[in-house]
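Both of the next two complexes hold chain A, though its partner changes from chain B to chain C.
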Partner chain A sequence: MSDPGLESPPYTEGEVLLSVRNLRTRFVTEGGDVPAVNGVSFAVRRGEVLSVVGESGSGKSVTAMSILGLLPPTARIEADQMLWRGESLLDAGEARIRQVRGAEIAMIFQDPLSALNPMHKVGRQIAEMILIHEPVSKKEAASRAVEMLNLVGIPQPAKRAGMYPHEFSGGMRQRAMIAMAIACSPDLLIADEPTTALDVTVQAQVLEMLLRLKDELNSALMLITHDLGVVAGISDRVMVMYAGRQVEVGTTDQVFYRTRHPYTRSLLRSLPRLDDRGTDALTPITGAPPSLLRLPSGCSFHPRCPLVKERCSKDVPDLNSGGLGHHPAACFYADEVSGDTASVVGGRS
Partner chain B sequence: MSDEVLLQAEHVVKEFPVRGGLLSRTVAKVSAVSAVSIEVKAGETVGVVGESGCGKSTLGRVLVNLLRPTAGRVLFEGENLSALKPAAMKEKRRRLQIVFQDPFASLNPRMKIGDTLAEPLRVHLGWKADKAGAAVQDLLVQVGLSAEHANRFPREFSGAQRQRVGIARALALEPSLIVLDEPVSALDVSVQAGVVNLLQELQRVRHLSYVFLAHDLSVVGHLSDRVAVMYLGKVVEVGDRNQIYTRAQHPYTQSLLSAVPIPDPERQRSRRRIVLEGDVPSSVDPPSGCRFRTRCWKATDKCAAEEPALVDRGEDHPVACHYPEVVVALV
Partner chain C sequence: MTAYIVRRLVQVVVTIFFALTFLFLLYFALPGDAATLLAGGDGRVPDPVTVRQVQDRYGLDDPLPTQLASYWQRLVQGDLGQSYQSGRDVTSLLLEAAPRSIRLSIWAIMIEVVVGISVGLISAVRRSSLIDRLSTAVTAMASAVPVFVLAFVLQYLFAVIPEDQGWADFFRFETSGRGDDTWLLFFIPTGNTWRYLVLPAVTLASVSAALAARTARGSMLEVLGADFMRTAKAKGLRDREVLAKHGLRNAMLPVVALIGLDFGTSIGAAVLTETAFSWGGLGFYIAESVRRRDLPVLLGFTTVVVLAYCLINLLVDICYAWFDPRVRLRAGTAK
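Moving on to the complex of A and B:
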């Protein structure tokens, strides 16, 4: 069977950096196995920004952590394929994974305070990263660290390198963490809710910087977020996740303007928008995201879906279920969704 | 909406001491709220927006008299709250309520939801268990939960359900004004809209006034009749919803609006962007003159020397800037 998650339109000539097929990650707990990621497939090409959107518990962070081997021992990771530039990460040893992690694939987390060591000066932490991965002297590493701080727009970088994380503001800490992540010029940057803890004016700075760095490093960016506004402004492609599964994958314009999954559509309709006139009631999604321990039968979204039919509680749709000739959507009735999306985004303002 | 002013804050100042040194002496003061005046009319929603540290939560607590203002006063139904005797304040409290941001921290985990909701009825109205119980069931239904929820504990509820309980608790004593401190920002996106709609519906049915404190300009714009923008403890601009969202004049309001992402790719590509430099300065040592000048692209020597007053230049749309000007295509 073909895997539509992998078959993204090759609008970019970029090399396929990462290709993941049928990733399944579960956590073993006393209450039973928690299927956090359930059959996810995707590819990331050099030069592109792929956004992974979902609410808490959708599996978007676990997907990224599974690739980097950053999950606790209770996690069981399986996949049909996980290729990093043609090399299988599933067969790679711990030493090789450590090499890839940081130097070739770098990760930026939501909370910079938990990712930075409070006991060490910021410059030293960045230099340490360089020393681990590259054969350079301590002095060279230290000056590279200052260079990195300068690159992420921290004023007086030489002075700041000698300061501790607590002396930085929230936005500056996030920038310091990004400096650390890009210190070894990674090919892929995975940013997990990088701006969620930041104020909106600082968020704008950081997003702009991530795009600039992606171009300067000739790398790719995988952005994990719950914020559809951020997604609209920054991504080339979007992958929407719900309860551990991919529900829709497409270019940004496809997902926003020719929406094919009821969850994506409901989410877009439920958002208050800055350009709203603010008079109409919002259209909420009924219910709440399901517990992964007690997933609904069939399509996980069916208890909340406005288009639900009999089949939805029986069969599990995959990205092929939406039919051919469109971008992939895991819904048996994807054609009914696209029927009236004109009123979702374009018609609101 | 009527013209009757329900709540009025006049030049409210709230300072907190910063302690340090060997004897924990006060070494500095943080001025969380500096001379803020706002007015809330019966039936209207006043949104207060600003980033973290701008003082909006402190202002909210001063408005409902959970914090005493260092200077200035808050008049509710014409009476100065900090001058009221405890018994009179208790009486006022029935009509002046607050809903907090974190629905996990604001409910007692050991109390059944029904008991949490009955408490204000017992304390303020002296109702006995059976009478309060019936009222509680009624309240639960009004906020979109069901009567059976009364026997459950907070841990059995989702975030959105807890926030509905928080709203029910605020409603129990039939208030005329509720301060909503970031009521939906802790909730998952797919359930925020339900809570926003509930707030609107309750306002319509009960003729409530709201003060809506939030950092999310999209939600504030959706709910508010008038909006005040705060930066480092000061109100920099006030106006009705459309004035602020379509004809903002303060550079900070403009940069804030331009930074809010809109979930519409084409709109995002065509909007004008103002990306500010740097972070919000510390409120322990705010910049001289205009507090926004360190991040403002228009700042001149005058801005460092002279603090701009919040001046209404006609139109009932006061702006605290020496160089106010409308910028188009921000939204």
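Moving on to the complex of A and C:
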């Protein structure tokens, strides 16, 4: 049984909340099937922060939405296994899935302005979450909503609860979104690029809060982002995705300091270096991600890979291809990937 | 909300003032001798005594501002003059014709709202289904066919054929007039009146209903793909709750706006429909007064239509603000 993405490396001892094996999600379109997620396996343990990184279109959001069944009807979701605290979500009925949504696994979306209903007051939208899952009166739910707003640091929460999303600033809207997500104390928070739409200063505050709430709720956080700088500071483990596949999985230190996939290394190199004083600060990755309808043969990354060799266009590497004794990487030449990326960001110490 | 309504009221009063002034100038200040027109119509030789009376009555020898002032004075007093054709007070004609138009419009709007919006919403939710394809074809046709052609087709299908074929009474509709013309609670037809009401109401509703259906379908499709709908689903709501609690109100906004905007077009359609079915409402009299060059009637009736148009637009705007907090608040803070 080899499923490195799922099994290793264990970072925390916590209960395995979610384990997904060989997730394949495709979209049926007129131009053909789009394989947006192609054989992804991972586990999330209580207490940990799992970051999912990759360029735009690599399948991060689709992976998250597949878990909760939030994709449009054109999506076809298959998996060998999708266990939520030991219970198969694939076999669960619609009613059970609805219980899980919001109450056990809650999502925070990227753009809080469009993710909140413009017609409903913020307090009402938070109270609705509570009313769906708990046998409380409307009045109780409303006062809990105010408490939640207070908890996420919104000043004058009672007054704010009576306002509409467009009356909030971007950062406050995302706080409100977070208040909604944690209202029923979920075990797992999935945050899909929660800070992308925010100012840099607000980004840090929001991330800080997510981490604090995760600890207070004793839950886990799955953080989807394309910002490796964010990842370094807060995550326990990192999963790197490229064109619908996992290419590298490991602890944050492993992925950042002992990088074993050329794509991850390119991503890290494209970050501004802290020790550079303005000279060639950014090295963008050359080329563009491939079209999912016409994936390159062999390793999907080979047209852009600096280490490409003959074999790369023939065989498809999987997470075992990097060899034993290291953290998993889907590259035949993982040993040749230099780890000189250590100075990039001050990882967690 | 109150601040918003007050602001809009002031705007409407100003709009009405300018619209009616413009209307007056259109009829009285444009080339052509208004007195001759008023006294007997173009192309005829009116009695000079009548022309004199008309000139005195409307003060046509006075300078324009004086004329305008006296037009407004008469208007405020509810004096709209007499019909050249029948000699009756225009005001009393109006009081007779307006309820007929209002009844017809009530039914047309009910058909528009109920049929149009539900067809649109169902097509959106059941996208690409047979129902969707069918309704798309029918609505495209309905909005393309001119009103009088539709009136004729309906009359032929539902009145002429049933009569020729001797169908059961229930399937027979009438094509002209108002029958018993008896009503319960102002708008519910009693006696045989409904047989006369159905065809003109459907005709008048058809164009707007088709437009409402298309708008509702489009906006619902957009809302179905909106992020906040996914958020609602991610909260654990049932699909139908997501639709009812989060989709509907958002999808209704463009439809409310459309119904308001469309009112102008409906007036044109009402003139044609009432004429085709001899319904005897405002539109019918406007068409008649144009044909007979009955200027007092034309001026009086169009004045009332302009007033109604402004007030209904106001009502639609208030509905819109009530529907959409963003409009309400923008108006509330932008002072």
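In this section, the second predicted complex is superposed on the first by the 328 of 349 C-alpha atoms of A that agree within 3 Å, B and C clash if a C-alpha of one lies under 4 Å from a C-alpha of the other, contacts with A are read in each partner's own complex, and residues count from 1 in each chain.
One rule holds for everything that comes next: contacts are C-beta pairs under 8 Å (C-beta built on N, C-alpha and C of every residue); 3 or more make two chains touch, one makes a residue touch a chain.
Quantities reported herein were computed from a predicted structural model and do not represent experimental measurements.
Enquirer: Using the touch criterion from the header, give the chain among chain B and chain C with more contacted residues in chain A.
Expert: Higher number of touched chain A residues: B.
Enquirer: In the superposed arrangement, does A:L83 touch chain B (first), chain C (second), both or neither?
Expert: Touch status of A:L83: no partner.
Enquirer: Looking at the overlay, does A:V230 come into contact with chain B only (first), chain C only (second), both, or neither?
Expert: A:V230 contacts chain B only, not chain C.
Enquirer: Check the residue A:M172 against both partner chains and state whether it touches chain B (first), chain C (second), both, or neither.
Expert: A:M172 sits against chain B, while chain C stays out of touch.
Enquirer: Is A:E55 contacted by the first partner chain B, the second partner chain C, both or neither?
Expert: Touch status of A:E55: first partner only.
Enquirer: What is the contact status of A:Y164 with respect to chain B (first) and chain C (second): first, second, both, or neither?
Expert: In the superposition, A:Y164 touches chain C alone.
Enquirer: Per the contact definition in the header, classify A:V16: touching chain B only (first), chain C only (second), both, or neither.
Expert: In the superposed model, A:V16 contacts neither chain B nor chain C.
Enquirer: Does chain B (first) or chain C (second) touch A:T201, or do both, or does neither?
Expert: first
Enquirer: On the A-aligned overlay, A:L295 touches which partner chain: chain B = first, chain C = second, or both, or neither?
Expert: After superposing on A, A:L295 lies clear of both chain B and chain C.
Enquirer: Based on the superposed arrangement, let me know which partner A:L307 touches: chain B (first), chain C (second), both, or neither?
Expert: neither
Enquirer: Which positions of chain A touch chain B when the two form their complex?
Expert: Against chain B, the touching part of chain A is residues 55-56, 155, 169-172, 199-205, 208, 226-233, 252-253, 256-257, 266-268, 270-276, 278, 281-286, 288-289, 304, 345-346, 349.
Enquirer: Residue numbers of chain B touching chain A in their complex, please.
Expert: Residue list for chain B touching chain A: 51-52, 158, 160-161, 188-194, 196-197, 200, 215, 217-219, 221-224, 241, 245, 255-269, 273, 275-280, 295, 331.
Enquirer: In the complex, go through chain C and note every residue touching chain A.
Expert: Counting only chain C, the residues touching chain A are 225-228, 230-238, 245-246, 249-250, 323-326, 329.
Enquirer: Can you name the residues of chain A that touch chain C in the complex?
Expert: Touching chain C from chain A are residues 68, 70, 72, 98-103, 106-107, 109, 111, 114-120, 128-129, 132-133, 164, 166-167, 180.
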